[in-house]
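Pasting the structures in now, so scroll down.
Both complexes shown next keep chain A, but they swap its partner, so chain B is in the first and chain C is in the second.
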Partner chain A sequence: MPFNRKPQKFNAQIKAVEIGVGEKAIKIGGENILPFYTFDGDMGNTPKVGVEISDMGLEGAVAGIVSYYEGCTTAAEMAKKAAEMEGADFVALSLEGGDPNGANKSTEELVAVAKEVADAIDLPLVVEGCKNVEKDSELLVKVAEALQGKNVLVLAAKEENYKAVGAAAGLAYNQKVGAESAVDINLAKQLNVVMTQLGVKPESVVMNVGTAAVGYGYEYVVSTMDRIKAAALAQSDTTLQMPIITPVASETWSVKESLAEEADAPEWGSREERGISMEIQTAAADLVSGSNAVILRHPQSVATIAKMIKELA
Partner chain B sequence: MALNGIQIFKLTPKKNCKECGCPTCMAFSMKVAQGALDISACPHMSAEALESLSAATAPPMKTIKVGKGDAEYTLGGETVLYRHEKTFVSKTRYAVSVCSDMDDATIDAKIDEAGKVDYDRIGEQMHVEMLYVNCCEGTAADRYVEIVKKAAATGKTLVLGVKDVEIAKAALEVCKDAKPILNGADASNYAEMSAVATAAGVVLGVSGANLDELYDTVAALEKAGNKELVIDTTGATIKETFENTVQVRRAALKNEDRTFGYPSIVNVSKLTKDDKYMAQALASVFTMKYGSIVVLPEMTYADALPLFGLRQNVFTDPQKPMKVAPGIYPLNGADENSIIITTVDFALTYFVVSGELERSGVPMNLVINDAGGLSVLTSWAAGKFSSGSIAKFFQEEVEPKLKCRKMIIPGKVAVLKGDLEAKLPGWEIIVAPREAVELVKFFKDMQANGEL
Partner chain C sequence: MFKVTFTFESGEAVEAFATSGENLLEVARKTNVAIDAPCSGNVVCGKCRVKLVEGNVVSKKSSHISEEEFAAGWRLACASTVEGDCTVLVPDIAAAYKSRMKVADLSSSDEIRIFETAKEQISEAGIAFTNNLSRISVKMNVPTLDDTMPDNERLMRAIKAQENVDIVHLPYSVLRKMPDVLRESNFSVTCVIGKTKNTIFVYDILPENDESAICGLAIDIGTTTVSALIIDMETGKILGKASAGNGQIRYGADVINRIIESQKDNGIQKLQDAVIKETINPMIAQMCASAKIKTRQIYRMCVAGNSTMNHLFAGINADPLRMEPYIPAFFKTNSLYASDLGITVHPDAHIIIAPNIGSYVGGDITAGTLVSMIWNRPEFSLFIDLGTNGELVFGNSDFMMSCACSAGPAFEGGDISCGMRATDGAIEACTIDKETMEPTLTIVGDPGTKPVGICGSGIIDVICELYLNGIINPKGKFVREGKRIKRDKYGMGSYVLAFEEEAGSIKDVEITEVDIDNFIRAKGAIFSAIRTMLTALDFDISMIDDVYVAGGIGSGINMQNAVNIGMFPDIPIEKFHYIGNSSLSGAYTMLLSKEAEKKTYELAQNMTYMELSAVPGYMDEFVACCFLPHTDANLFPSVVLR
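Coming up: the complex of A and B.
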């Protein structure tokens, strides 16, 4: 008696969102199955991998990343190099230098960087703010304006600044907008609802439902994504059918497993190897939990995760 | 399928004899249906009724025990596909693979390296629990037995990957008392392998060319009376392996197909060859998706730190938050004169806060209070993180050990400042920002103002 396969069929699907323009534009989402359950049905678009660069250059980066970008002096040059990375589907520019508690670069300066980067590459661009809600509500609005026509994804509108960021990126300048919430299905849903009430089309929204490095409260990430995909597909909850993007690198490269120098933890071995492993394992876990795109930094992680997606999809 | 109370009631003798401790047979049936009582508590059940009931009320996935003593592990017994539905019960166990075609030096190095990973993470000792000893084709029995002996000497639980019945027998002779797994049955040899495993009293691993063959082989083994099984879901490709592993678990838990209700073995090292980075990615994938035992090509600290962290998170009971042990945690080379900062024992709070504190580079002592494993505001609201509890903890645990009398408290409980100053004479209480991300700047400012 053969094994009786019972495919899990859903009458709903995740929305497909397009980022970028031209030949290299990508679509994320569009699946009506659970992550990589290709034996149940159509996967839509395969998950995508982004390479993160920063306006702050290579501050604190490990040797493998530094050597990859050897010779690059500007963000635009780094972006070009990032776009050539094996496995890269898009480039993510982090404007972390805008943080008032950090380098506190001016909005004008950062908008110029974003523009330079967008003009240098033909891969789709994701622009990440500096995480300070006040600064981002000004910075990301200006970025969305300056990059009109590029169809970039702006990360991210939060509960505190969705009116400014959502209205600019999603409505006025016709970009795609990220909706960032803190690892809770209800917060994710609420933000999507208020953004759409603002007039942003659901097809223009990508969720960042919050993330963590594995080992750092990651169980909340798993359960949040599991529940969101279940609500979107099994219960046809249209307010949760947006695809999910997860900025992995910024979390995984800032935990002690990736920061501790070999001298401080000799038994742990190479810092670079630890950082890569942390990035790869977190990204893999995010993807099987339902992320439609991940943002990584190390060339080895990008190549490995891209290959893993190809193998599984 | 679990039966309801009425269905069970129909099978009882309906005598209301009270011997089971319940006033009526109906009440007894309801309790059995809820899982509060076992059906065997009724002394008057007929044999047929018992059999049909225990089959119907049996868990959807069997719990299998392997190994012995300290190295005994429970596999399977899961009831849900997602941790938020209830909880996962048996965590994924990791095995490092050695193969009979490797030279001795390589095998020794691998076994040695696997033993080096051994550390504590929030009260859980992390180490490689198993060794997978693979017997590739053409290996002589003596050679294989020699490697098995070497692996057995580590005290780790063994998984013997061997398809040859005679070699399996010889290998079990030297290690069966430690209850290894004999991962060797397939469609061609299952009857003989099952006999060998049963004679040695060990769990049998079953594999198949595809899901159908696997299903038939498991069904045949069950029919022959062997229910001490694990299913090797490794396929020819990564994609096939993922499908097999998900399908087997889903069939058992969602579709109540008990033939697939056994723990799984996923042999990642077979799929990734020399690509150690792909092995890391797949280790993570199969920890998330239903690998009971995941076999890896190696386990260095780089592999282990994220993987064991992931496992610890995923297998946390959602109803019981992870806690860190209360006490004094010196950071950045702190001594007894370093400034003191305090917070609750909720693991997530601890991780976020200690991460930021380490990043600040300022030497300090982080004092973790016993707050019932709740977050700052929740424990404060529940009365478990109050000026009274903090003052008591500091008087008993901190004052005898540390000389500094400056304490930084979480911004969310700034309201405790006055009370704490009253209860802890001689202490200066400083209020931190509300969010952990602001801590680095907070300390930078303190340094700039000469307050440290």
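Coming up: the complex of A and C.
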């Protein structure tokens, strides 16, 4: 009997969300197939890769990253350089310096940085907060206000501050909002529900359902993303049809495999290679599990993942 | 020694003596001053607030008392030690849990209807309502100088001959009064006997033609409330009914805290005394007085309670119950007699214990299952007992499955800042106006009673109304602002049900986001247990034909609101039936009918126990249920915001 290919068809689709303005604007999501199942149908917009820079400069970065940004003195210069990176679709600016338990930079200072960066590049911009819930509900609101017209993606509204962040970014200043939850399909869905009840359009929401570095309970990430896509497509669950963005670098560059210097763990070999490897493995796994965009740091990781997407999609 | 004076809002005062450094809550317990301490004095729940009026105590500060409150004299009793003479005020809210004993008025048919219904339904299922207690007349020859047989042999021989048995037991209690009764009645007496195949146990010897009733006592020992019935064992008539707070409450709100408390010095004895001497015996005395019978006319008892309550009632170490592999001392036992436990009924009264199924599915459930009748119907029924532990039984005449979930004390007002049990002053029902957000309250007690706190059925109503009116979001967080919405300095919202000046309490009666969160977890535990059990059986919620709800949450529970918040499945409301205290009606039928007792053992044996914590998907289901009404809104199509 001849083999008869039966494509898996869904009557539902992941929403396509546009970030940025002008020629370089990108769309993420839009597929109605499982990740990279191009034999089943249209992948919509191919997954996108972002390059992460920080308001804290290159603190703790490995040599390859430091040398790539050689000569850059401001975040804006770094952003320009990041935008030129091979494989980069967008730039992600992390405002980690705002953390009250860290450098505790003022909101005004950080908003100025964000504005400079946004003005320096024509690639779409994603702005990540400092992860402190209270600070972010003030900081991200101001960022969303300052960057009006740039159509940036603000990461992220969480259960605790979705009202402030969601209302500012998603309603008042017409940006895109990230909805961040901690590797749990129900929590992800609950946040989408309350966010849309607030009035934020589903087409303005991108989920960050959380990730871990590979080897760190990563099975939960795969299962969560897998089930979200299955619910969105197979069960037409409209509250889960938002595309997924995954900030990979901040996870993978903070585990011991990427932090331990070669002098301290000679048997593990080069720190830089380990870090790149963790970043690439995690990003690849996130993408095939359902992420529509990943955020990376190392030029080699960005190039490799971009190549992988090109060849698979 | 220092003098500690406890004063109450009513103006009463109780004096106690304490040694230096003694814990204030312990002093209160010793003195039988009721202060609610659901967390067993671990500075967790913040319920044992008292106000220092005079003198001083040394108190650790905690998050439960703000700086201003501390300055005003508010202390947590459990976090305070006595270091001198002092006077402390025990506010009503701290003492309100100690529900007064209530002896029911049996002239209203409502009180007895559920028991009669239970009896009728079980009879219809072919179970005979007979037991082996009866009364016989025995005539003997009057002894003479030629007939010198001792009294006991004379009586035993006469009974053997008359009843055609080989063995007759005459216990000490009978032996003692026998010579007098025999002579007063000229050797023509009435005996109360219990007859098994070849043996007769003589419970009592009475004058000829004595018509005093042969009574039995059915008790439901709940973690929070104890209820009891005195019945006529020959006719099944209910002679008395009473309920009271379980005296063990002051040792903790839930079974785990009680077990921990029982492991302290002389703890097993203290907990047994709390339930028997302080709770059950006074109830017996009151019921007997109002029914005009003597306590020793009670010849048999049946007790239904959860496994821990059964152990603590019997004075048996319950510690293995709470530790892996969770082994009870008994599921059922025939070895308990009233005199062993110091219960003030006939000393030889046998105590029937409704059998347990698992460490956390107890006799209250098997007894409840018996009267729910789900074992006798082809339709699929769900039986839910809402208590500190939620228990479920699902099935029909072919199979039954049970599981327990830890709902916590929220249904009975625990874990809720202004929570209380359904006693005087408790808000038991509520509606809220969508526009003005003003509440309309129904309060337990005489008309005009001021609200002091809120009980389980009231919390269901409040959360439902807040949600349907868009005042809270499905996560239980406040999204509207107004006069009745307060925010603390951390931004945590609360809804004021009664401002201080409207309340019978010393502060606003309110429900906070933390309370709502606790309650959402409790209802999530119930619904996720329902879903998990049905899914394991490959059943869908639409296949439930009937839902029987039992438990102390009260007949005031608004089923529609319970569905609206996602506690019960969204099926037509007429399928829900509140069956009251099914544990007590089960005990009643087991007491009255030997066959019903046997049936209960059979049910317990045939029920499959499902350990939810061993089901991989349970946690996932639980998180999905911690949302109003549910993360999967498709499960609750009838719930629509106003």
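Quick notes on this structure:
Quick note on the criterion: the second predicted complex is superposed on the first by the 313 of 313 C-alpha atoms of A that agree within 3 Å, B and C clash if a C-alpha of one lies under 4 Å from a C-alpha of the other, contacts with A are read in each partner's own complex, and residues count from 1 in each chain.
Definition applied: a contact is a pair of C-beta atoms (placed from the backbone, for glycine too) under 8 Å apart; a residue touches a chain by one contact, two chains touch by 3 or more.
Since the structure is predicted, the reported quantities are computational estimates derived from the model, not experimental observations.
The superposed arrangement places chain B and chain C next to each other on chain A without a clash.
The partner that reaches more residues of chain A, of the two candidates chain B and chain C, is B.
Within the superposed three-chain model, A:306 lies out of touch with both chain B and chain C [touch as defined at top]. By the touch criterion stated above, A:143 is placed in contact with neither chain B nor chain C. In the superposition on chain A, A:36 contacts chain B only, with no contact to chain C.
In the overlay built on the shared chain, the residue A:281 is in contact with chain B alone; chain C does not reach it.
Once both structures are fitted onto chain A, a short way to say it is that chain B and chain C open up an angle of 70° at chain A, using Cα centres and rounding to the nearest 10. Of the two partner chains, neither chain B nor chain C is touched by A:296. Once the two complexes are overlaid on the shared chain, A:194 sits against chain C while remaining clear of chain B. The minimum CA-CA separation between chain B and chain C in the overlaid arrangement is 5 Å, rounded to the whole angstrom. Shared contact residues of chain A, touching chain B in one structure and chain C in the other, are absent. The residues of chain A lying in touch with chain B in their complex are 1-6, 8, 36-39, 101, 131, 213-220, 222-223, 226-227, 230, 254-257, 259, 267-270, 273-274, 276-278, 280-285, 288-289, 300-301, 303-305, 307-308, 311-313. By the touch rule above, chain B contacts chain A in their complex via residues 82-84, 116, 121, 211-212, 214-216, 219, 237-239, 242-243, 246-247, 250-251, 254-255, 257, 259-260, 275, 277-278, 280-285, 287-289, 300-303, 305-310, 312-314, 316, 318, 347-348, 351-352, 355, 358-359, 437-438, 440-441. Listed in rising order, the residues of chain A touching chain C in the complex are 159, 163, 184-187, 189-190, 193-194, 197-198. Remark: chain C residues 473-475, 479, 620, 623-624, 626-627, 631, 633 touch chain A in the complex.
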